[in-house]
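There are two complexes below, and they share chain A, which is joined by chain B in the first and by chain C in the second.
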Partner chain A sequence: MNQSIPKTFVLGLALALAPVSASFAQSGNDVFAEYREMFGDDNPAELAEMQGEEIWRAVRGPKQASLEQCDLGLGPGVMQGAYAQLPRWFEDAGQVMDLEMRLLWCMEKQQGLDVSALRAHPFSEQGQQQTDLEALSAYIAAQSRGATVAVPQEHPAERRAFENGKRFFNYRAGPHDFSCATCHTHDGKRIRLQDMPRLNTVEGAKGSFPTWPAYRLSQGAVRTLEWRMNDCMRQQRLPGLQHGSDVAIGLITYLGVQANGAVMDSPGLKR
Partner chain B sequence: MKTLRTASLPLLAALFAAGCGHAPKAGETAAAFDAPLDITGSFAPRGQAGMDRLDQDETQRICSEYEGKPVPPELVTTIMEAANAGIRFPADGNYLGDWKNGEKIAKTGTGLQSNDDPNVPNGGNCYACHQMAAEEIAYGTIAPSLGLYGKLRGNSEPILKYTWTRLWNSHAYNACSHMPRFGEKKILDEQQLKDVMAYLFDPQSPVNLEAPGKN
Partner chain C sequence: MGNPMRIRATIKGDTTEVKVLMSHPMETGQRKDSAGAVVPAHFITTVVAHHNDREVLSAEWGAAVSQNPFLQFSFKGGAAGDKVKVSWTDNKGDTRTDEVALA
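Then we have the complex of A and B:
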């Protein structure tokens, strides 16, 4: 990332785009490409990354600990490449966890923080500051830039998560009969103006998974894959998908395993 | 709702239990992870979207199982017969309403989502999937273009009935269609369906004024 561009400039761009954002809904992907060009290598997600780094290093909670000893799967404190290998099985927790679940676990167990509020409201509302989870996700994902996606399928629970995701992908329900497959099994097709990746294929998943978390221009915020799952479920007319639930982890594992071998490039920049 | 949920559990369980055969490694207690997933544990009611939304009817169950694969002929028959049995044509025999309101419905993507106001009429969201009027460039491409729909087909009784049936329950013609069952599932009411029909058929409707570009 080009460090020579002052952060205030990036912030200025982000703010300048805010009023423009509404029109993205009605404009073509080429217009979006223009904005992407304008940003070049710079992504307003950098602000969230800095916020995340502060939270990662801060000594907090009754146990007066920082998150720096949090084991993201590659050993305590190892961040490089960790995101590219999540979700995975964590023996200490007895669960398959994605990054967000793992962070909550470390906050709770290692810092002694009460995370119930964060768990209930993991995503920032329009115009609010990023939540700790979003900021940390941006920071930690950035430490996997260039790493090869390698979501493990060693433990039976990891394979089970993949299977759950694969099955749920085709699960039609709700008044509109939508499943993920309704919108995400076509090649080169669009919903309104948005290109739809074909997410039940290796190629489609490889194009999508490595770009998350992403800074969304239309919302002026970094969004995570948990958020993406949640919002697609809303469009599917289903009730609220619970953060870190079996279905959420299943779908993210399904996408991640299909994307194995791709190169991480997140936080991405999206419409 | 509770009884519905309980009743549906074996169904959900069956879906998620079927055919997951990873040989466990020696020493691993795979059994615990082979238990069927109860997906209701992953959701909570939100806004107007209750837990009953997770229950599948027979059509949804079959179409989920055969997504991306050919549906066996006997199940195609099951789905089509159920679809045809549910069609309700307009009581007054009049298929066409107000195309201007139909246009609004076709362009409106909201309705029945957890964050939507249940007091606002649902949209049809046709443009999410279909190209329609030439002037609207924000159209999806996962379904065939409906440009010049009425102009190309005329408005004979069989064509009107065919189109009404498509809108009411598309599975009557194509089992496991990806198009929502707007009438059957009460997404749109009879008047709204008439308005959308008028948008497709009225000679004054922008759908029929100009051929849209290739999508």
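Then we have the complex of A and C:
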């Protein structure tokens, strides 16, 4: 019976497989670009944005306050363009904060909420609903779409965060003697099918920073820059990165400052 | 009741193009959680779309559809002020209906 398989079938199969394997061998980006095109302007991140908007407006906590008075750096309640200028120094908190740290601060101080659970589990697991931080990040970042990235470097602490980030970016550690720089300082490098952006250059940073937070199709969830940093540490086999730690804020500042001048286009859509 | 959908409907000549984003976990029933326990199946089984009172789409879905599904379709007709209504029902009997007015 096997010998009677029509030749056309075998030939058709070979032809069908050839172009696919050839394009996959180069990079997953071309294939993914097509996929993204099919979505057009639609992005499942919008579902998270809707959830985030609800949380932003909701009156919650013992202090019966909404987040609408939360100062994201441009004044209480000002969202437009705020994400494009984070992380930054906050006088009232006495530290450099990214969006997620700032939101936690507002929830704690202005709403009186207990945020210890959210701090311990800032990212949703597969199949779960987005956490409040992820949903709010998607919503607030969307209000900066089209804004120019301008991560400030005026306060000494902001400059220190940049230096910390740069230092850690190049710091080799762990069982594989890896640093961020091992993967992210070359052109044409990839992990499996993913092209690695060259994040020690302005061009590379500009291509990356404005696309976060992003909806990850493979995870069915919006992921934030804190998540990205955290997962990069895991991939380097380094100890878990503490949410909002000096290293996390430093790396995000290092990336953001180099991306200054780029135009925000997030939430993005990624593999 | 499920989470809200995002529906966009635009009139394009004599047809109307509809794009729907649904919020749903679409668990296949094959996946195990971190403790090794099987995550029960939970997915949309039927989707129905109406243009005013006319049914324009009816679909049977299964576990192979992705999480947070994106659905695009078009139908003939559609004028400003008309309603486009989309409903889904999942295997746990949960259902969600949202509608938009054509602009």
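Here is the rule we use: the second predicted complex is superposed on the first by the 244 of 271 C-alpha atoms of A that agree within 3 Å, B and C clash if a C-alpha of one lies under 4 Å from a C-alpha of the other, contacts with A are read in each partner's own complex, and residues count from 1 in each chain.
Methods note: contacts are C-beta pairs under 8 Å (C-beta built on N, C-alpha and C of every residue); 3 or more make two chains touch, one makes a residue touch a chain.
In this text, all values refer to a predicted model and were calculated from it rather than measured experimentally.
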First, second, both or neither for A:S66, with chain B first and chain C second: neither
Touching partner for A:R237 - first (chain B), second (chain C), both, neither: first
Touching partner for A:N170 - first (chain B), second (chain C), both, neither: first
Which of chain B and chain C A:I191 touches, first, second, both or neither: first
Touched partner set for A:G127, first chain B, second chain C, both or neither: second
Chain A residues touched by each partner, larger count belonging to chain B or chain C: B
Touched partner set for A:A157, first chain B, second chain C, both or neither: first
Partner chain in contact with A:Q51 - chain B first, chain C second, else both or neither: second
Residues of chain B defined as touching chain A within the complex: 15-16, 20, 22, 24-25, 28, 30, 33-34, 37, 39, 41-46, 49-51, 53-56, 59-60, 63-65, 67-68, 109, 112-115, 127-129, 137-142, 178, 180-181, 185-187
Residues of chain A that touch chain C when the two form their complex: 39-40, 42, 44, 46-47, 50-51, 125-127, 217, 220
Touching residues (chain side chain C, partner chain A) in the complex: 3-4, 6, 8, 19, 21, 23, 25-27, 31, 33-34, 39, 66-68, 70
Footprint of chain B on chain A - complex, ascending: 25-26, 28, 155-157, 159-160, 163-164, 167-168, 170-179, 181-183, 185-186, 189-193, 196, 200, 233-235, 237-242, 245-248, 250
